[in-house]
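A quick write-up on the structure given underneath.
Letters A, B, C and D mark the chains in the order given here, with residues in each chain numbered from 1 onward.
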Amino acid sequence: MDDAADLAARFNRVRARSRALAAPLSPEDAQVQSMDDCSPAKWHLAHTTWFFERFVLAERDGYTPFDSDFDFLFNSYYQSVGTMHARPHRGLVTRPTLSRVLEYRDAIDARMRERLGRDDLDTHARQVLLLGTHHEQQHQELLLTDIKHAFWCNPLRPAYRDDLPVAAGRDTPVDWIESGERIVEVGAPAWPQASAFAYDNESPRHRVLVPAHALASRPVSNAEYRAFIEDGGYRNAALWMSEGFSRIQRDGWARPLYWDEDLQREFTLGGMRDIDPHAPVCHISYFEADAYARWAGARLPTEFEWESAASGHAVEGHFADDTGGLHPRAATAGRGLRQLFGDVWEWTSSAYMPYPGFRPLPGSLGEYNGKFMCGQWVLRGGSCATPPAHVRASYRNFFYPPDRWQFSGLRLARDLSDRTR
Amino acid sequence: MDDAADLAARFNRVRARSRALAAPLSPEDAQVQSMDDCSPAKWHLAHTTWFFERFVLAERDGYTPFDSDFDFLFNSYYQSVGTMHARPHRGLVTRPTLSRVLEYRDAIDARMRERLGRDDLDTHARQVLLLGTHHEQQHQELLLTDIKHAFWCNPLRPAYRDDLPVAAGRDTPVDWIESGERIVEVGAPAWPQASAFAYDNESPRHRVLVPAHALASRPVSNAEYRAFIEDGGYRNAALWMSEGFSRIQRDGWARPLYWDEDLQREFTLGGMRDIDPHAPVCHISYFEADAYARWAGARLPTEFEWESAASGHAVEGHFADDTGGLHPRAATAGRGLRQLFGDVWEWTSSAYMPYPGFRPLPGSLGEYNGKFMCGQWVLRGGSCATPPAHVRASYRNFFYPPDRWQFSGLRLARDLSDRTR
Amino acid sequence: MDDAADLAARFNRVRARSRALAAPLSPEDAQVQSMDDCSPAKWHLAHTTWFFERFVLAERDGYTPFDSDFDFLFNSYYQSVGTMHARPHRGLVTRPTLSRVLEYRDAIDARMRERLGRDDLDTHARQVLLLGTHHEQQHQELLLTDIKHAFWCNPLRPAYRDDLPVAAGRDTPVDWIESGERIVEVGAPAWPQASAFAYDNESPRHRVLVPAHALASRPVSNAEYRAFIEDGGYRNAALWMSEGFSRIQRDGWARPLYWDEDLQREFTLGGMRDIDPHAPVCHISYFEADAYARWAGARLPTEFEWESAASGHAVEGHFADDTGGLHPRAATAGRGLRQLFGDVWEWTSSAYMPYPGFRPLPGSLGEYNGKFMCGQWVLRGGSCATPPAHVRASYRNFFYPPDRWQFSGLRLARDLSDRTR
Amino acid sequence: MDDAADLAARFNRVRARSRALAAPLSPEDAQVQSMDDCSPAKWHLAHTTWFFERFVLAERDGYTPFDSDFDFLFNSYYQSVGTMHARPHRGLVTRPTLSRVLEYRDAIDARMRERLGRDDLDTHARQVLLLGTHHEQQHQELLLTDIKHAFWCNPLRPAYRDDLPVAAGRDTPVDWIESGERIVEVGAPAWPQASAFAYDNESPRHRVLVPAHALASRPVSNAEYRAFIEDGGYRNAALWMSEGFSRIQRDGWARPLYWDEDLQREFTLGGMRDIDPHAPVCHISYFEADAYARWAGARLPTEFEWESAASGHAVEGHFADDTGGLHPRAATAGRGLRQLFGDVWEWTSSAYMPYPGFRPLPGSLGEYNGKFMCGQWVLRGGSCATPPAHVRASYRNFFYPPDRWQFSGLRLARDLSDRTR
C-alpha cells in the first residue's frame, strides 16, 4: 500500500476533484434525479463523504457523527449498516441543501486530515480509506453521466460546461489482431492481501482458456454505426436478441441515446454538437452493441479476450482530465490495438459473474460488488468520463443490458475457429 | 370592474405576495416536484408570470418575449396556445434557475406596470389582467400545498417556516341548522358581462331545488375523526364507496395524509406538531370524508345546500394572511354556521359538472375550467392556505376523490325528509 | 308483488333465458375473461344461481349448500357475506366446468321450484327472489356484452350466432322536442315498501327542477358520428374533456370500439358486418359521447331531462327478444321522441349519485348499488341486449366514462335558456 | 440420422404422447393461460402441429394449409415467417376449440404419415421433422408445468390426475465428488452436420478449462431447504443477490412456489400432498437456489462442471414416463453422482450464452434458440416432467432467474482452489 504521505495526497486530490466537478452546477442542478438509475450530484457529494465517515471515522469508539440523520440519507445499499432512504426518492431531499453538503465535505475532510496528520489510522482503516478514494472516483464518473442525463431531460438542453474543447478526428481503418487458442491468467490478486489495489470482483487471478479469435484495432465509430441505422438495423428482428428487440419497439429506440433524430447532432456535456463521424459511437445499450456486431458479421469480445489483449498495454488514453473535453474522440493513426483505455467503455459478451473462488471483502464492504453479480454485463477499459489512473486491464465495470446513459460503445471481435475446423 | 388604480394595486399586491411565499425556500426547495399532481414552487412562480406575459403583453403585435423558450416550459395546459412541457417532468428543469425565474418576474412586472402606468390596456386586456391575479392566487395556495407535500417526502420532515404561530382551540358542540325544501338561486352572473369577478365555472346563475336538510354548525374535528379511526372505520367495508375501499387497501391508508402513526402528531408547514383535537380534520380524501359521514349517520352536503347556506354570510374566516399560521384552527364559540370560509375546504357530495347553460370563456381561456368537468368533486369555502378575499359563496374548487394533499375536510349534513315521509 | 304463480313463472322464464343465451357457447367460450371488467359466461351462469342459493335458500337454518366452495367462487362483491375470489382471476377457474355449472343451475332450480311449489317462502324471501330475477336479467345483458368483447379479442372474429337477422334502416331527420323549466317528480317509490319493483338506486321518488331544454327526437346515427370522425373530431382537443383527450391519445382511440379502421365495417354478435349508417352509433365512451355533442353544438341530456321526457312513453323498443338481432336498428319514421327504450343505452351528463334521502336495501343486499355511486355516469333507456320488460323510465344504468363495451350511444340535448336571457 | 422407419415411429410415438398428456384436460382446462409465461394446453397442441405443417409440409410448392388462419394463431416467435398473435393473449382464443385443434392434429398427422409412407421427404425435410419431434417433447414438458400453474391458480386446487403414484423416499447422505483443474471438451458437434441430434445451442463442441471443484452427490432435498427457511434464509439480505432480495420482498416469497404456508404440504399434479422431506426441492428460482447455496457454504456448479461430470453417465433417471408420478422422488442409496438426469432441472451458475463459434440453424429455424441468449440462466439434467430420452449431457435448458414454475432445483458445488493457493 501507498505510504502515509501518498495516501493523504491521494485523498486530497480525489476529494478536490469531486468539488471541481460540481463547481459548474447550480443548487438546482445538483438537486435533480432524472431517473431511478441516476442520483443527484448533491447525493454523490454526500454519499462519498459518508463512506469515509462511516467506514473510517466512525469505526473508532465514541465518534460523534457530523449529523445523525446522514446515516439514513446517504447510505446507498449497505444493508448490514442499517436501513436507508429509497434510491428513487433521492431527488426529493432538498434539505440538507447543497451548501450544507459542502459543509459536510469540509468537516469530514478536516477530520480525516487530522487523523492522517496524526498518523493514527490502523492498517484496516488505511485500506478502507484507499478503497474510499477509488469509490469516490467511481462516483465522479456517475456524477458526470447522471448530470448529462438530467440536462438532456431539460427541453432547453443546457450545457454542463460551455468551455469544453472539441477535437475533430480522422478516419482510421480497422485492422484485426489475431490470437490463437491459449490458456491465460486473468484477474488481479486479491487486495488487500496483495499490495496493488483492485476491487474484489477482479479476483482471484485465475486461468481461463481463451479460444482463437481476432479483435478489431479500434472501437466502432459513429459513421459505422450510422450505416447500421441507415441499413435498417433497428427494424431487422434477425439482428437482435429477442428481449432487445422488444425493448427497442416498446421504447421507440432508433439511434444512440443522445443523438438527434437527424443523426447529425448529439447532446454532449458541452451542449448540442455535430457528431464526429470518426469518434467512437457511445451511449448505446448492450442490445444495440450486440445487434451492431451481428450486422457487421462479427461479435462482441469476451471479457477475457479483451483483458488478455489489454494486459500488455499501458493504461493510457483519453480520460476525464482537465483538458479532456468529456467526450469520446476519434482514434489516432497507428498500428495494433488502440483506445483500449479511455474514450468509451466497451461492452463485452460476458455476463457479470463471480470468478471461480471469488470471496467478497469481509464485513459490510462485502456488499460492495458481489450482490450485483446477476443480470448485468461486463464493460471494459474506461471512458472519457473516467478519472485518469482509475482503471486497469483487470477492471470490470458492469451495467444492465438496456442501460445507455454511460459512455458505452463497443469493439468488434471475430471467431477464428471457422478456419481451423 | 376595478378602476385603473385599483387594478394596479391589486396586481402589485398579488405579485408581491407570491414572492413572499417563496422567500423561505432554498433554490433546491423550489426545484422539486414530489408527485405528478404537484408542481415545483419555481414553476408556480414562472407559470403565473407567463400567464400575464402570454395573455396580456403578447397580445400586442410585435411583442418581444422575455425568453422564447418559456412559452413551452411554462404553459400549463392551454393546448390552443401551443405544445407544452409534460407536467410530470416539471421537476427536472433546473435551468432556468430560481434566480433567473425571479428575474423573469421582475421583468414582466416592470412591463406590466409600464402598461398599467400608461393606461393603454383595452377592456379585454384589463379583464385578463384581473383574471391573472385570481389565477395567481390559486397558485399561491398550490405553492403551499405542494411544498408541504415535498417537505413531508423528506425523511427529515423540515419546516417551511419555523416561526408559524400555534393556536390552541376549544371544544365546541355541533348544532344542526335546518332548512326546508325551496328553490334557490345559485352561482354567479357570468363575468365579464357582469362586473363582479367570478370564474366561468360559477355561472350562469340559475335556479335549483334544494331539498329539506340540516347542516352541521362547524366542520368535523380531529377528535371526532380520531374516534372514527379508533372505531375501526378504515377496516369496515360497509362504510366506504367500493372504489375508496379498494384504494385504502391498496395504499394502506389508515389516517389522514399527514398524521403520524400514533394519531397524536401531524406534519404541518411548521414541522411536526401535536394534533389539536378541536381543529377541523384535514388532508382527507373524498372517500374518507364520505365514509366518515356514513359512520356518523349523516352525509356530505351538496354544493347547493352549502352555497345557499353560505350566501348570506360574510366571507370571513381563517385564511392565509400574515398572522394565520397556515394551519386550520378550532372553531370559536357562537351560534349558527361557523367556519364556512377558511380553515378547510369542505368536500361536498356534488360531482364537478357544468351548470345548465354553462359557456366557457372565449378563446384560449376557455380551457381554464371547462375541460376538467369530469371525475372531480366540488369543495367549497377556502382554507387556511387560501389568500384572503379570494373565495366567495359561489366559488367552486374541485379535486379528484382520492386527492389528499389539499387542506380538505368536511362538514356533515342530514336529510330532513325522513320526518315528512 | 306478483302472486305466487306469477313469481314462479317469472323465475322459470328468466332462468331458461340465461341457458338459451349460453347455448351457442362452447365450454372454451364460456371460460374466458377478456378484460377485468368482463366475466366469463360460465361465471355469470353460476353467480346468478348462487344469488338465489345464498340469499333465498341458505337463509333457512340447516341448509346444505350444493358445493361449499361456491360461496367463495361465485360471490361477486358482497363483502358482508364473506371473502370472494378476485374478479380479474375469474377466467382462470376451469373447474367447475361449464357442464358442472349447468348441473348447479339445475339443482338450484329444482330446489327453488320445490320451495315455490310448496309456497313456503316468506315475504322477504319472495322479495329477494324477485330481485334475483331482475339481477339475473342484468347479467344476461353482461353475458352478451362480455362474450362480444371476448370474441372480438380473437383475431378470427368469430360470431356468437350465425343466424342473427340484419335489418336495413332508413334515414330519418332529427326533430327537437322542447320543454320549459318545471319541477318534476323523478325516481321510483322505494321497493319493496311500494309494490312495483325498482332498484334502490331509483328511489326515493323526489322533486327536481328541470331547466328549459330541447331533446333530439332520436339517438345520433352512425352516419352522423362518422361525419364527426371525418371532421377530425378525435384530433381536436377543444372538443374533449381533458381526461378524455388524454385517454384517446394514450390508447389510440379514433372510432367506436368495434368499428373497423375503414369506418365501413363493424364487429357484431353476428360477426363482421357493414355498418348501417342510419342505426344509432354505439360502443362509445362517455368521453366520445360528450365530445360528439360539443362538436354538434349541443350537449348530453341530464338524467332528469331524459326521465321526465320518457315517463310518458310506453316501454317499447328493440330489446333482446327472440327476433331482435342483438344489434341496434335505425329509428322508424314518425313524430316526437323515438327509441327512448331499447337499441342503445344513452349516456347522460349526470354523474351517478344517490338521490336525496337514498337508503340502500337492508343487510347484504345494501351492497347491490350504493357503494358504486362514485365516478360513474348514468345511462338510460336500455339496449338491444337488454331483456324485454327489464327497464323502465326511472331505471338507472351506470358505467365509467371510458367504458365502451356496452351498447352505449347518445341522444343530443340543447339549452333553451339562451333565448330567454 | 434415423432411417425412415425409425423416424416415422418416433413421429408417431411423440405425437401420441402429447394427446395422452392432454387427455385428462377438459376443454376449459385446455383453454386457460394463467400467466404470460405460460400457454394454454390447446395452444401447445396446435403450435407443435403447426411446426410440422409450416416447416415440413408447407415447404412444398402448392401446399394447401389446413386453415389459413393458423399461421397467425400458432406461430410462437418466428418473425421471419410472418406476424403472430401476441403471446399474452393466447388464452383468449376460444375458437378454434380443443376439438377443432384435435382435428387439426389428426389431419396433419395423416398428411405427415402420407409423406413418410411415400418416403418423399428430402434430407432437409427429414431433419426438420426430427427437430419437430424434439420440439414437441419440449412442449410436452411445458404443457405439464403450465397446467400445473393453472390448476394452482384455482382456489379449489384441482388435480391434473387423481391416479398418480406416490413414492416415499429415504434419507441419503451427501458425498462430495472432487475433480482437479483440467481442460475438457463440452457441447455437442453441430447437428445436422453431425449425425446425432442436438440443438444448435449445444454446439460447437469446444474446449474449456474447468477449475478444481467438488460436486454434491445428489440434489438438495426438501428437508435441507426447509432448514434454510427455518433459519431465516428468506430474511437475511446477506445471502441474496440484490435483485433477488428485492424480488422476494416485493412479491412476498418465503418458500418454494407450490409449498403451503405450513411448509408441510405442497401442490402437485396429483393435488395437495405431504412434502417428502427426502425428495429434491423444486419450483425454486435461480435467486433462491443461489441464496441456498451461499447459506450452505457452497455455490452452484457451472454448466461445464456439471456437463463434464455428467458426460460419463448413462442418461437414466426419473422422467415423465407412464409410471413416473410426475413429481420428483428421493435419491436412491448408492455411491457417486446420482440423479444427474431426471427429477429436477438443476440451476447452474452459468448465464445462458452462445458457445464460442456458435452458429444458429439456417433460415427461420435460426430463431429457435439464439435470440434468447440474454438474461437467462442454464439448467441441466431434465426433470420428472421431461420426456424420457429427450435430454443428454450436453442439453442446455434456460430460464430467467425469477422463474419458478418449472421443476427446478439445485445441486451444490464447492471450490477446491482454497487448498491449493
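Definition applied: a contact is a pair of C-beta atoms (placed from the backbone, for glycine too) under 8 Å apart; a residue touches a chain by one contact, two chains touch by 3 or more.
Values in this document were obtained by computation on a predicted structure and should not be read as measured data.
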Any chain in contact with subunit A as well as subunit B: none
Touch-network distance, subunit B to subunit D, counted in steps: 2
Shared interface numbering between subunit C and subunit B [over half = same, under half = different]: same
Relative to subunit D, chain with the most remote C-alpha centre: B
Distance from subunit C to subunit B - Cα centre to Cα centre, in angstrom: 37
Centre-to-centre distance between subunit D and subunit C (centres being mean Cα positions), rounded to whole Å: 47
Whole-Å gap separating subunit A and subunit C, where each centre is the average of the chain's CA atoms: 59
For subunit C, residues contacting two or more additional chains: none
Chains grouped in pairs wherever the two touch, ordered by label: A-B, A-D, B-C, C-D
Residues of subunit B defined as touching subunit C within the complex: 77, 79-80, 181, 183, 204, 206-209, 211, 213, 237-238, 240-245, 286-287, 290, 349-351, 353-354, 356-357, 366-367, 371-375, 401, 415, 417-418, 421
Complex interface listing, subunit B residues touching subunit A: 26-32, 34, 42, 69, 72-73, 85, 89, 91-95, 97-98, 150-151, 153-156, 158
